[in-house]
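Paired with chain B in one complex and with chain C in the other, chain A is shared by the two complexes that follow.
And now, the complex of A and B:
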């Protein structure tokens, strides 16, 4: 989860999020280079005397056409690579349905057993010591680690959005529509997210908690819940 | 994303207010090498030509080119290292899983001596 006053991304917990963070670093470095150049040119303009002796400027026009094209290519190529990587069909081991309601989530694991549960935010008054305010839920989404998981997201009433920043996932939940996303949790852990589409009075109070565990633990959890 | 040898992992230093050079891999080295390259090229040009304005232009150009050049080189090496780490991790996991079984790659040489397992 994010710390207070955190500005940057949370630590990546899926390969796609790692790629996104690397691309973000690359884009920021490009932005730094451009800003340095612009700052220098601004300083020059402010310290030079004005003159109107220029009548022909073929070279500079060539430079300020070619350079931005190169910058755009430098940004577009990795961006497109990640975009297509995110849409790869990778034969998920598990399919999970997330249904948004006002103001809680319902999860359905219907691959092997008919396992359905609701996930409500734990009220602050009932929060155990050391747990995170407005982020904890009564029933977490447990997924096996290092396995491709497909999530089908929809909503029952109004627009919601199922988002877990650490996994690099954000998918709109639209009534009457099934949206699909997938992720691989690279490591065991607990990953927090919040509803990301305004959905009423308690929009800020319907968090998402994904717990990634080794397969054996996932199996015993699902057996426990379905019995 | 912790920086290497960072004594205070929570602290960050943002260049121009947005690039966190402490916590982004390769960023600190890129900026430092860029500064060094800028100094060398700018001073070198000035010593050779005694033209101040053009030397400043060369210095800024040198900063950008050196910084971006080292950045791509460093990120490429980092990406290769990550791929090698992943392959190593996968290999170790498979080695543990298949050790002692007929799929164990270490048993290929003695495979012909065994008629049944």
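And now, the complex of A and C:
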């Protein structure tokens, strides 16, 4: 989860999120270069005393056409690379359905028999010591670690969005539509997210908690819940 | 004064370019590269089972309560 006053991304817990963090550094570096250039020139213009009666400047026109085109290509290439990487067919080991309601999530593990549960936010009054306010749920989504997981996201009533920043996942939940996303949890742990599409009064109070564990523990958890 | 504006403009345009590339390079070597190295170092000697056992002992996992 994010710390208070955190500025940057949460630590990446999936390979795609690691790529996204790296791309963000690249894009921010480019933005910093452009902003510092503009700031320098702006300061110069504001302190400049000479006036100009230039009517024609072919060379600089060429430079400030070609250079931005190069910058845009430098941004587009890694961006498209990651976009296509996200859509690779990765033979998921598990398929999970996340259904958004007002104001909770339902998870269906249809690979197993009768493994469906609702996930409501734990009210603050009922929070055990050390747990996170507005982030904890009564039933967490458990997935096996280091395994590709496919999540099919939909909604029952209004628009919602299933987002877990640490895993690099955010997918809109649209009534009547199935959206697919996938992730690999690189390590065991607990990853928090929140509904990311305004859906009514309790939009801020329907969090998502994904717990990743070794396959053996996932299997014992799933057989316990199925029975 | 002949070609003064052209000279100043050329000087400052080059200066602006150097400043912007300098800022980008600083960001790359102060933020981006250390972050890449940090991730690589973390996963080089990472033991997921050891991490899992520590989390289990701490009682943070719903699917693996501490005994």
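Going forward, the second predicted complex is superposed on the first by the 224 of 227 C-alpha atoms of A that agree within 3 Å, B and C clash if a C-alpha of one lies under 4 Å from a C-alpha of the other, contacts with A are read in each partner's own complex, and residues count from 1 in each chain.
Keep this in mind: a residue touches a chain if its C-beta (ideal position, glycine included) is under 8 Å from a C-beta of that chain, and two chains touch if they have at least 3 such contacts.
Note that this is a predicted model, so its numbers are computed, not measured.
J.: Would chain B and chain C fit next to each other on chain A once aligned, or clash?
T.: clash
J.: So, does A:37 touch the first partner chain B, the second partner chain C, both, or neither?
T.: In the superposition, A:37 touches chain B and chain C alike.
J.: Check whether A:120 is in contact with chain B, with chain C, with both or with neither, and answer first, second, both or neither.
T.: neither
J.: According to the stated criteria, A:205 is in contact with first (chain B), second (chain C), both, or neither; which is it?
T.: Neither partner.
J.: Tell me which partner A:22 touches in the superposition: chain B (first), chain C (second), both or neither.
T.: Both: A:22 reaches chain B and chain C.
J.: After the superposition on A, what does A:214 contact: first (chain B), second (chain C), both or neither?
T.: Second partner only.
J.: In the three-chain superposition, say which chain, chain B or chain C, touches more residues of chain A.
T.: C
J.: Between 40-48, 58-66 or 94-102, which run of chain B pushes into chain C after the superposition?
T.: 58-66
J.: What residues on chain A does chain C touch that chain B touches too?
T.: 21-22, 25-26, 28-30, 32-33, 36-37, 40
J.: Sort out for me which residues of chain C touch chain A in the complex.
T.: The contact residues of chain C facing chain A are 4-5, 8, 12-13, 15-17, 19-21, 23-24, 27-28, 31-32, 35-36, 39, 43, 46, 48-49, 51-52, 55, 60-64.
J.: Provide the residue numbers of chain A that touch chain B in the complex, in ascending order.
T.: Listed in rising order, the residues of chain A that touch chain B are 8, 11, 21-22, 25-26, 28-33, 35-37, 40.
J.: Please give the residue numbers of chain A that touch chain C in the complex, ascending.
T.: 12, 18, 21-22, 25-26, 28-30, 32-34, 36-37, 40-41, 44, 50, 52, 54, 60, 139-140, 142, 145-146, 186-190, 211, 213-214, 217-218, 220-221
J.: Taking the complex as given, what residues does chain B use to touch chain A?
T.: So the residues of chain B touching chain A come out as 1, 12, 15-16, 18-20, 23-25, 27, 30-31, 56, 60, 63-64, 67-68, 71, 75, 79.
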